Each structure stands twice: as structure tokens, then as C-alpha cells.
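Next come the structures, one after another.
Presented sequentially are two complexes of subunit A, the first with subunit B as partner and the second with subunit C.
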Partner chain A sequence: MAPSTDKLVEQRIQQAIIRALSIPAPGASAPLQMGSTPGWDSMGHMMVVMELEREFDTRFLPYQLPELVDVPSIAKMLVQPGVGSK
Partner chain B sequence: MYQSTRGPPWDRPILEQKQPALRSLLVARKLMRLNTTGAGILGTTIDAHLVVGLTLAAVFSVLIVLVPAFQKERLLSLLSLLVAAAYYGRDFLGFLIVSGIAYAAVRSLGRETIPARRWRWAWIGIIVLAVVFTAGRVLHWNRPLILGSVQVPVYTFGMWPALKLVTLLWEVGSGAVAVPALSRYVIWTALPFTLGGPVLRLSQMPPQLTGNPQAWRSPGWWMEACAATAKLGGGILLGTFQQLFPIHGPHAHFLNNALATFLTGPIGFYLTTAGYFHWMELLARPAGLKLPPSFNWPVGRENISAFWMNWNMTATYVFRDYLFYNRWGGRNFNIYLNTLILFTMVGLWHEANAYWILWGFLHGLLFTGYLLWRKYGSRFGRIPLRGTLVSQVAARIFTYFCVCMCWYLPSKILQKLGAF
Partner chain C sequence: MSAIAHLGAAIPDELAEEFLKRLPYVSEGINNVRLLPGSTGVQFELRPGFENQEALVASRISEVASKLCSNHRPGFSKTLAKRDVLPSSFRDDPHPLLAEQGELVSFGRGRYGFGPKLIALMEAFDSRILELAAAFHAPAYTFPSLIGADVLDRCHYFRNFPASLSLVSHLREDHGLLQEFTRSAHWDGEQLDFDRASLSSVECLLSPAVCFHWYAWLGNSKLLEPRVITAIGKCFRYESSNLSGLERLWDFTMREIIFVGPGQYILDHRKTCIDFSVQFLNELGVAYEITSATDPFFADAYAAQAAYQKGFDLKFELLLTLPYSGKKLAAGSSNYHQDFFGRSFDIEAGGASAHTGCLAFGLERMALAFVAQHGVNEKNWPDEVVRRMKTRSAQNV
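Coming up: the complex of A and B.
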């Protein structure tokens, strides 16, 4: 992917996480991450996953769900084979 | 007959007091001097597996650092097998047989090249493993076969190897890891730092174990060693106190029960287990292995979710990743159903008996209650003192109380139902 596309995807991921958790946009020094972002615990994680699937019209495979812990890992997972349309 | 596993994990000595033979032994001890009685009980409080496990892990760690030849995979796998043989003793053959069958299954799984099919077979393998593990406990398959005058144990399948194999099937099935070579599989299965816990997934294991003597030279390592020893020692002392108290205060039943339920039992168990796992993390470091942490001060957490996020983390996260996030083929998550399934499975993983299944189910109900409160709690309007220091302290006390009750109540419920 071109760098600008990467950035766009990451922005969309961030927005989806913010919507899912109903939190304000984080600062640059506080990246969105499971376990450290308020509300992004095990329960919040499922809301994040569902919002991401809505945003990208996709469906994550079961074994991918535990790996979606921050924006870079989610971006990486979105381009993997196996993550496809619903 | 009252089985010692039908109660909280620290209850073994207290349960044994109900047996007449041991009751007379305790009376005899009472007539002896205090220090002798204390020393005797201290000796019985220390679990033999704990001592053996730590000793073998320490020897393994030292050998890897001092003898570079052991860093080569083949020799390391032989060393691992020797250490596992020392750990398991006469049950080692059973451990080898089960591990061998599991490896054959994983190799077969790895030959499936279509990801969807491989994933499906992995799940079938996990279900079969769970059924075998449970059946083995219920039907006591760990009893040795009698061949003439020789007893041959052919089945040894403990809770930690079972959970590790579940992670292996999951990771190979998902394609996260390739099927390991036999020597690597042997090292991973027989790794002395994980034989009695914690769980180390194959994906977390480095390609090679290289000695790291710098670990011992770091002041941080020694400070952590003091902390781990303090935890272990504190837990053992609390366990000893729990046994001494009824001897010296035989009529203080209520106080004895209260102390065992809320203090010596749970805190003693937590400190002993946390200290043991912490020592395993420390001993693994000089061997070039970073074990994930197991406990992060779970006692005193603000809610049951925070408790479980910090209790026995390597095991908890396996159940969370594989069960809590499961959609069971559907579109949506049913977190309430997943919670009940997850915790009942956790109970079953501990032991296949009514006490532990009920323990797990109670935790499931507790967690479900927390989830409902989290979702609908705001509908109750403004609760007085919410968000204040008082409410934060009260939440911690309440959470701890509920965790202790989950250990205490199942045996009481089963006694009422006449199941004991």
C-alpha cells in the first residue's frame, strides 16, 4: 500500500476505535492500545472488533481477534488473506 | 470418601483433619513442643512439586548458561527430557505417551494445506483433547496398568500440559506457527519452567535458548528474587498458620473458618502460587527465555474483571482468547453465554468434579453480573458516594469478598445438596 493509503487506513481504524469506545481522540503520546486505552478491555475489544468490521465491511477470523491490539496490528491484519467480505 | 480435591486448593491439610487417623496425629502433635509442631506442619505445608519444580528449573538454567553445548537443540531436548523425567518420576512414561500422541496429531494437522480445513480440524482436535482430558480425570486413567508384578503408568495428562497443547493446536491450526520439529517440540513440552505452569505458547518461544549470564548480574534480578522469595515464604507461612490455628484454638470454629476463608487460605494460596511462578520467570531469564508474567497484584482489584485480568494471566488469556472472543460461527458476540461457558471450562480445567465446576460457574455468574452492571448500571441514576474514595475501597473489598465466597460456597452448597 502507498504511504498515504496506509495513513488513511490508520485514521479510519482510529476513528472506528474512538466510536466503538465512545472516547475522545487520544493525543500523539497516548496511542490507542488494548489494555491502556480507557474502555478497551476484553469487553470493549468486542465492540472495537464489530465497529472495525462495519467500517471496513469485513469479518475477522476467530484466531485473528486476539491479535487486534493496536492500530498497526489491525492495519496489518486488514491486508492479510482470509480477512474478506462478510 | 472425602477427596481432598473437592475444596479450595489450600484446603488439603484441613480436609485431612476430618480423617480419624490424622486427627490423632494432630492431637499427638499438640502435645509436643510448639516449635516441633510448627516445624512438622511447615514441612507438610510445602508442596513437593513446588520444591522439585524450582530445583529442576534452577539446575536447567545453570546448565544452559555454564555448558554452551546444551544450547544446541538436540542436546537441549535431551536435557529437557531428563528434567521432565525427574519431575514426573514414575508418571514420566505416561507423559511421554500422551505428548507423543499429541505430536502425531499436530503433524497430521500441519499436513492440511487449506487454511479453512486446517482450522476446522484444529477445533476438532481441541474438542477431542478436552474430552480426553476430562474423561481421563473422571475415569482415573492415570492409574497404572498392572502387567504381572509391574505397574506401568500409560496416561499422565495434567492441567498445564493440556492447556499448552490446546494453544499448540490453535496456533498450528490458525497458521500462526508451523509444525515444530520434534526436538523443538520436546524442548517446548518438557521445558522445566512451565511443567507446572505458567503457559508458554509455542509462538512465544524464541528460536533458540541462548544463555544469558548477564541476567544474574543485574541488581533488578536480585531484587525480584527477594520479592519472589518473600511471596513464596509468606504463602507457606500463612498455610502453616492456617494449620496451626485449629490445633491451638480447637473451639474457635467461627474464627478458624473466617481466617481460612478470607485470609490464610486465599492470600496464602495466591502468594505461594505467585511466588512460584515469579521464580520460574526469574530462572528462565538466564536461560535466554522471557516468560510472560502470571500475576499482577490481583488481590484488591476494583472489580472481578480487573481481578481476572491480573490473576494467573497466562492461563486466563488462553481462555479469554479462545472462548470469550468466540462467536461460535455466528455474526455477533454473546458475552454472557461466553462468560458462563468460559468460567465453567476454567473450573473443569482445575478438576472434573462438582466443586470446581460449581466454582467456575459461580465466577461466571459473578462476571456476568459485572457485565450487566457495566451495561445497565447507569440506569439506576446517581448512586451516593459513587466515584469517591469510599466507593473505590468498598468496591475492592466487595470484589475480594466475592472471590473468597466463590471458593467457600461450592462445598457448602454441595453439602446441603448431600453431594458429599
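Coming up: the complex of A and C.
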């Protein structure tokens, strides 16, 4: 059975974060999260944001940046109005 | 000779000033820069000796524009407080008037001497800020004007702000070189002429901020409780041809109140600092606004760093109106660094990397904006300011 659209989006987000931070894929018990994933600090955050913007051809607004802290919150943000167009 | 650099895209209005401030650094030969109407081109001139660099300079200008704009996220500045009413009808540039009064003298680009009235004014401001420090039970510390290159390296200053650095050197410990220096070193009208090979390597720089020393002081430690201190010091930021009167000094005085502790502690105290700033500026009777801002990061990193600062509300500037130019001058700022310095210097608080923040006032800029709005005659200044000036003057005699 093919994965759902939501699952595919989450996989793309995860891969984008891994690429941005140049880290190995984490195990299921260690979800990707700002502040706890190695390298995902204040500096790493913008790398993550820019890689996500490339992956989804979108542009986040400044006030949205603090909310992009893990895969579920990013997935939620990507379907919000105003995100998805440059 | 006039030339034009064509930009890939128009510079957004809100980035225009930031963009123009960076252009003096693209080449030593650049001069008389002007953003063309429509913001898709820059007109510039080249100084004698640089005429053959037109294409190189144009391409660097275009590169700076591209880097500034590539990840730019428009708008959404937050203004926390604002007061538009000017306290007087004074609209003159106070610089020449202060010079006539014997209160101000220029010693060169970005370097000024101050007379007793301006000193008393700055001390009056400082005494008010110290009342806030006292309310926080913040003890006073002093730090050197020289800061180790190791300290600035730990806080990534070289990567983020290379253009503003003031490196410190001395003559190498070599009797022959010292003898040669005594024979040949002389002022050639523009600079000290001597053999650069006699210079030492760089161990220290002139400190660009007060608070870095405090983070280095606390480095490799676990705080049992949050720490708040205050310090005043000279700060040094080279600004090339942007150096302009008291608006933009190479060498200026900064009073800071510095907080180190858990994140919520910093945020709580930042709110108190901003409330104090509003009260303080209202007492001074000046027109101002307190607005979200970004630091002048190097072009290569600007867009991402600025977006992060703005997105996370990390910096608010105290902008004071300059009636003689219509511009607003950043005379202070409230900064929240999250755990950046805690991680950089290995400071722990509450079981995690410490968060830090500071409230900073540039005293010369405060004085300039105050005098620009109230005029240079102290008889027209608020009574409370004059009272504080007299108190400080009496203490200094």
C-alpha cells in the first residue's frame, strides 16, 4: 500500500531537515526537534528553513519561523494560507 | 568617472538603507554611491588609481544586492511604543552649534572630544539607567577596551561582522625593527607610513560591545542562579565612509545591563527593560519609537540571520528622531540572544545552556538625539535632566 500524502510530506520534511543539518537519519525514538536534534540550534534553524523552502518551493514569513520546531509543526504550517507561494 | 552597476532585481525599499551602508566595503576605490530610481541600479564613482576596477566593483555591488535580497522576508516590523511629538521647534543640526560652544571637537573620522555640558548630559542619562540596574540589584563590573580574538571567535564575530572590526597590533619584539621604526615612521598626511612587516600578529581587537567580556567571564560554568550585572565601556566599530558625526562613531560609549539565566528569566526581564525604556524616553520628552530590528550582519549571512532575529523577536531598537535630517537614530537596543552565548561559552543555567540578554544605550547617540530635539541651550531642557546634570557635575568636582 502506498503511503498517504501526509506521510509523504512528513518524509520530505524529514529528509530536508537531515540534508540541512548534515546529520544521519535519526531513529524513531529520537524525533527531529529544534533544540534537541544536534545542530538544530539558532544557526541551524535557518538552514532548516531554507532547505524546507527549497524542497516545497515556498517562503515562510518571519513570524512563522519560531513555530517550525519539529516535523508535525512544519507539516501543519505548510498547509496554512499564505504558505506555498513566493 | 561615473559607472553603473545593474542589479538582478530591485532592492526592496526596506532594505535600501541596509544595502547602501554595505557598499563602502566592496572596494577601497568606491565613492559617491547612489541608488538609481527604481532601485535596479547603482551609480558609483572610482577614486584615482581604481579606474580599471569598474567591472569588478559593479559585479561586487550586484553580488551584495543578490545576497541581501535572496532570502529577504518582507515587512512585519513590530513597534512596541512610539511618540511622535517633538519637544521643541528646534530643527538645526546641533553639531556646528556644539562646536561653537566648545562642547564638541572632531579629531578625525568617527572620533570626537566632548565638553563638560555634553559629558554632564551623558552622565545624567547614565544615572537614570543605573537606577534600573539598581532595581535589578545589578552590581557594576568593568572590562577592558581590548578584547581577545579568542573571545570574538567563540561568538562567531569574525564571520558575522568582519567589516566593523578594529584589529590591534603592536611592533614586534625585535630591536632591529624597532630601530628602523624610530628612523622611518612618520605621518604622511593620511596615515602612518612605516614597514608593515614590523607589525605583530593580532592577539586582541578593540571591543565592539560590552557584554562579550561578561559571557567570557562566566564561561565553562554552571550558574546556581541567574546573574544580572551592569557595565559601561568604550566600544569600537569601524564604519568606513558611513562614519558621520555623533550619529555613527568609530569609538563610542555603551552602558549595558546584562542578564544571564534560563530563557524565561531573560524574557521576563526584557519586558521590564522595555517598559523602563518607554518611561525613560518619555521623561526625556523626546520623539522615539521602539521597533524590532536586525543586526548589520555581513552580506553573506545577512538574509538568514536577519530573518531569524526578526522572526524570533530577538532585537528591539530605541529609535530617536533627528529633526534636522528627518531620520531616526538607534540610540539603544534590547537584545535577546537565546542560548547563543550560553553555548558559545559553555555556560549552564537551570540544567541547559544559559540564555542571555542585554539592554544597551549608546550615550553619545542619546546625547545627539536629545540635543537635536531640545536644542543646544540647556535652559530649554527638562528640569529633571538639568537637575541630574548638576548633581553629577557637583560629584565630579
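Please note the rule applied: the second predicted complex is superposed on the first by the 83 of 86 C-alpha atoms of A that agree within 3 Å, B and C clash if a C-alpha of one lies under 4 Å from a C-alpha of the other, contacts with A are read in each partner's own complex, and residues count from 1 in each chain.
Throughout what follows, a residue touches a chain if its C-beta (ideal position, glycine included) is under 8 Å from a C-beta of that chain, and two chains touch if they have at least 3 such contacts.
Just so it is clear, the model here is predicted, and its values are computed rather than measured.
If you put the two complexes together on subunit A, you find that subunit B and subunit C bump into each other.
Looking at the shared chain after the overlay, A:Ser42 reaches both subunit B and subunit C.
By the document's definition of touching, both partners, subunit B and subunit C, reach A:Pro62. Contacts of A:Met50 after superposition on the shared chain: both subunit B and subunit C are touched. By the touch criterion defined above, A:Ala25 lies against neither subunit B nor subunit C after alignment on the C-alpha atoms of chain A.
Clashing C-alpha atoms with subunit C after superposition occur in a single stretch of subunit B, namely 5-13 (options considered: 5-13, 185-193 or 383-391). The contact surfaces that subunit B and subunit C form on subunit A in the two complexes overlap at residues 41-42, 45-46, 49-50, 61-63, 65-66.
Residues 71, 73, 76, 304-305, 307-308, 310-312, 338-340, 343 of subunit C are the ones that touch subunit A when the two sit in their complex. Taken together, the subunit A residues at the contact with subunit C in this complex read 41-42, 45-47, 49-50, 59-66. Those residues of subunit A that touch subunit B in the complex are listed here as 41-43, 45-46, 49-50, 61-63, 65-66, 82, 86. Of all residues in subunit B, only 115, 119, 170, 173-174, 176, 305, 309, 317, 320-321, 324-327, 331-333, 335, 371, 374 touch subunit A in the complex they form.
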